[in-house]
C-alpha cells in the first residue's frame, strides 16, 4: 500500500510536536525511589518533532510501542528511556511524552491512626534532546486557612480545600525523589493535610491545627519552594497553589518558578 | 434528493428522545418575573420522541427553529412554548428542551455595600405532553460551616464552598418565580452567601456570621426545601447541596426530592 | 465528644440520599461472568436515605467501610452486597452506591490481528430496597457513518466517533452479563468498532466496512436495544448514542428506554 | 483593621504570578478590527508578580477593577491597557491577564445560504513588561478527512471533527487582526468548515469537498502557519490541531510554534 506519510513535502515549518493525545492506556506505575508499584489507568500524550521535509509521522507506532511496554512497571527513569526509544523508533529529532495517573498514598488519621487511601495526581514528563529532561509533577489536595480572616475575626476563619501542584525537573541522569516524599513535602506547606477517613477526635485536631497555621496561597508556594530549593539534583521547579476560596465562587492562586 | 430519515422502519422500539446536544447558541435570557434580560452563550439539548414506525428525525430542523428564535428574549414560559413549536414542527409525540447558561446577579458586600456580579447557573427545561412541565433549575454557590467541627473544636471550624442546586417544576400554565428570588432563597439556606468582591470589613462579618450559622449538607437541603414547600404553584422540587469539604479531597452531598 | 449528627430534628423532609461523592478510591474490579480482575482507580458516590427524624448521617462510616472492602475483588453482585452492608452499618432505610472506572478490553485489529487495550467505561450502581436493583452501565466508543451523507454524495460520507452508553438493570438475584460481552454487543450496533492500534491494512478494512454499514444515532440505539431485549434476566435497559458529528460542532443523540 | 498582606517577609522567592482564577464575570467583547460587540460570560484569570519582600497581594483589587471595567466594550488593545492599569493599581512589577469566552460567528451554509451562529472560542492574553505582549487565541471547530484512509480505501475515508487552536502574539502597539478573519483563516486550513445548520444539498457539498481536500493534522497546522507567516505585525504564533479520530478512541495532534 502507498505510504502517504512519507511524502517529501515542501513546507518551511518544522512541526514542534505531533502524535497522539487523550489516549487512555494501562500503566504499572513505579515509584523509582521506593520501588512501590500501582496498576491503574493513565492518560498518555506521545509526540515527536518532525522536520520540515517530512509530511507526516507514523501515528500507529506510538501505540504499538506503548502496547509492548505497558505491562511492565515504569518509573520516571523508565519513562525517560521509553521516550528515547520512541524517538529512535520514529526516527525523530526529539520525543516528548506525558503520562498522568492517580497514585494512592496510604495516610493515617492524626489521632485515631485510622488508615485510608488518599488520591494524589502524578504526571511524568520526559523530553529527549539537549534541552530536555525528566519531570515529576504531583498535585496534592490540602487545607488552607486564611491569615487575614483569622486576624480580623472574633471567631472562626475561612478555610478551604487547596490543590497544590509541584513540577520538579531533574537532569536525565540524576536520581529522582520518591513520589510520596514529594507529596508529603507539598502538603506540609499548607495549613493541614486532608484525609479520606477522619473520626471526631481527628477532625478536632485538624480544625485546631489548621487554625494555628494560617497561610495565604503565597505562603504555601514559598513554603514548598524553600523545601524544594534544598533538594539535590533539581534543575528547575514550579509550584502552584489554587485555593478554592470558601467566601467566593472563584479561586485564589499563586505560583513560583525557579530555575537553577 | 432522497430522504432517508423518512424511511418506514420495522422496529419495535420507540425512541424516547432524539436530537441535538452540546450545541452552543446565543440566548437573550429573560427572568419571567422581573423582565430583566441578559444576553449570553447557552448550551442547548433539543429532542423529540420518535415513534417505532419512523427511522429518523430531521436534525437540521432543531437548529433552524433555534436560529429563528435565538435573538428574541426568552423566559421559562417562552421556553415551554418553544418546545411546543418544536414538537409541532418535527411532527413528534413529545419534545424536550434543556437550556443552560450563566446568569449574573448583582450582589452587595454586606458591610461596605460594594457591588459585584455573582455567577449563578440556570437551566430551563421544558417537556411537552401530559407528563410534561416546565422546570427552573438554579445552581448557586454558598458557604457552609460544619456544626460538628465547631462543636468539638476549641477554636475555628472547617468550612468550604458549597454548590446548591434547586430544580422547581411548575404546571405549564402556572406563573413562575423570579430567577433571582429563587437564588436568594437558596443561598439563605447555607451558612453564608459568597461574593466576588469583599473588603476586610465584609470578610470579618462573613467569617463570624458563618461561624454563628453552622449547617450540615442535610440542613442546607432541608432549609431550602421548607422555603420551597411554602411557594405556590410548585408541583415538584429537588434540592441538592454539594459541600467541597475542606478536610477531605472528596465532597459531601445531600438531596431532597418532593412531589406534591 | 458530642455527636451532633444524632440530634433529633423536627423536619418534615426525608433526605432521599446523603453521603459522599467525588471520592477517588482504588478498586479491584471483577467481571462477574468471566472472573477477570483489573486493579484501577474508581470514582465513588455512596449514599443512604435519612428519615425525617434524624438530623445527619455519619459520613466517615462510608469511607471506613470502603477502606475495609477496597482491596478485595468486587463484581456487580459484590457491589450490591456492599450496598446492603452500608445500609445496615448506617442503620438506613435504603443505600445507593455508584462506582465508575475504566475497564480495558483487549482488542485485535481486524486484518493484522495486532493486539491493543481499548478503554471502556463501566459504572456499577446498586440500590437496596424494594424498588432497587443492580445496574451495569458500559460506555463504549465506536464509529458511525451517516446514511444520509452516503446516499446523497458522489464520493465519501461523513463519519465520526460515537459514545454509546448502555445501562442494564438486573433483579438483585439474577446472574449478570460479562462486562466484555455487553461492550461487544454495543459496539456491533454502530458502523464499526474502533481500536487503539491499526496498521494500514486494518484502516482500509474499517474505512470500507463502516462505509458499507451506515447508521443513524437512531439505528445504533435500536440495534443495541434489539440485542438487549433478547437477553435473559433484564428488568430494564437504557441505551444512548452520542455522535460527535464531523460536519457540526455539536452532537447528535438518540435514546431508548425499555422497562419490562 | 490590620493588613496582613502588607507584612514584610523574608523569603528568597519572588512570586511569578498571584491572583484570582476561575472567576466568571460578564464581558462586552469587542472585535478591535471590525468594532462588533458581543455581550457574554467570560472566565478570567488576573495576576501580578510579587517581589520577594512582600508577603501577599490584595486579592479584592482585581475584582474591584474588573467590576469598574466590565460593562464597557473591551477589545484586545483595551485588554492590554486594562492589564497595565491592574499592574499600576496593584503596584506590581508585572501583570498578566487571561480572558476566555465564546464568540459567535454568523456563517452561511455553502449551497442553501442558510444562516446560523457558529461557536468559536476566544482567549485574550495580556502580559505587561519588557517580555510581555498581547495575544489573541481562537479555537475553531472544523472537519478533517484522512489522506491515508482515502488513498488506501476503495470507498469512503475516515473523517472527524477537529479543534484548531491558534495563538497570535502582537507587539503592544501593533494593530490587531479581526477575530473573524483569524477564525476564517484557520478553518480554511482543514478539509472543510463545519456549520450548525445544513440542509441535504449543503451536506452533499461538504461531504464531497472534504473528500477532495484530505489533510493530516500536520497539514492543517502547516497550512495555517503559512497564512499566519504572511500576516504583518505578528511576533510569535502557535497552531495546534487536535483531530478527534473516528477510527480510534484517542486523538491525533500536531503543533507548530514560530517566533520571528
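Letters A, B, C and D mark the chains in the order given here, with residues in each chain numbered from 1 onward.
We take it that a residue touches a chain if its C-beta (ideal position, glycine included) is under 8 Å from a C-beta of that chain, and two chains touch if they have at least 3 such contacts.
These numbers were taken from a predicted model, which means no experiment stands behind them.
Note on chain B versus chain C: their Cα superposition corresponds to a rotation of 180 degrees, in steps of 5.
Comparing the residue numbers each copy contributes, chain A and chain D share more than half of them at their mutual interface. Comparing mean CA positions across the assembly, the chain most remote from chain A is B.
When the interfaces B-D and C-D are ranked by how many C-beta pairs touch across them, C-D comes first.
Look at where the CA atoms of chain A average out and do the same for chain D: the two points lie 25 Å apart.
Look at where the CA atoms of chain B average out and do the same for chain D: the two points lie 29 Å apart. Taking the mean of the C-alpha atoms as each chain's centre, chain C and chain D sit 35 Å apart. Counting partner chains per residue, chain B has residues 1, 23-24, 119, 148, 152, 196, 198, 200, 204, 249-250 touching two or more of them.
In the complex of the two chains, the chain B residues touching chain D come out as 1, 3, 23-26, 38-41, 60, 63-64, 67, 70, 101-102, 104, 114-117, 119, 196-201, 204.
Chain contact summary for the complex, chain C toward chain B: residues 1-2, 4-5, 9, 11-24, 45, 47, 50, 55-57, 59, 147-148, 151-152, 216-219, 221-222, 225-226, 229, 242, 248-258. Within the complex formed with chain B, the chain A residues making contact are 118-119, 141, 143, 145, 148-150, 152-161, 192, 194-196, 198, 200, 203-204, 206-208, 210-212, 244-250.
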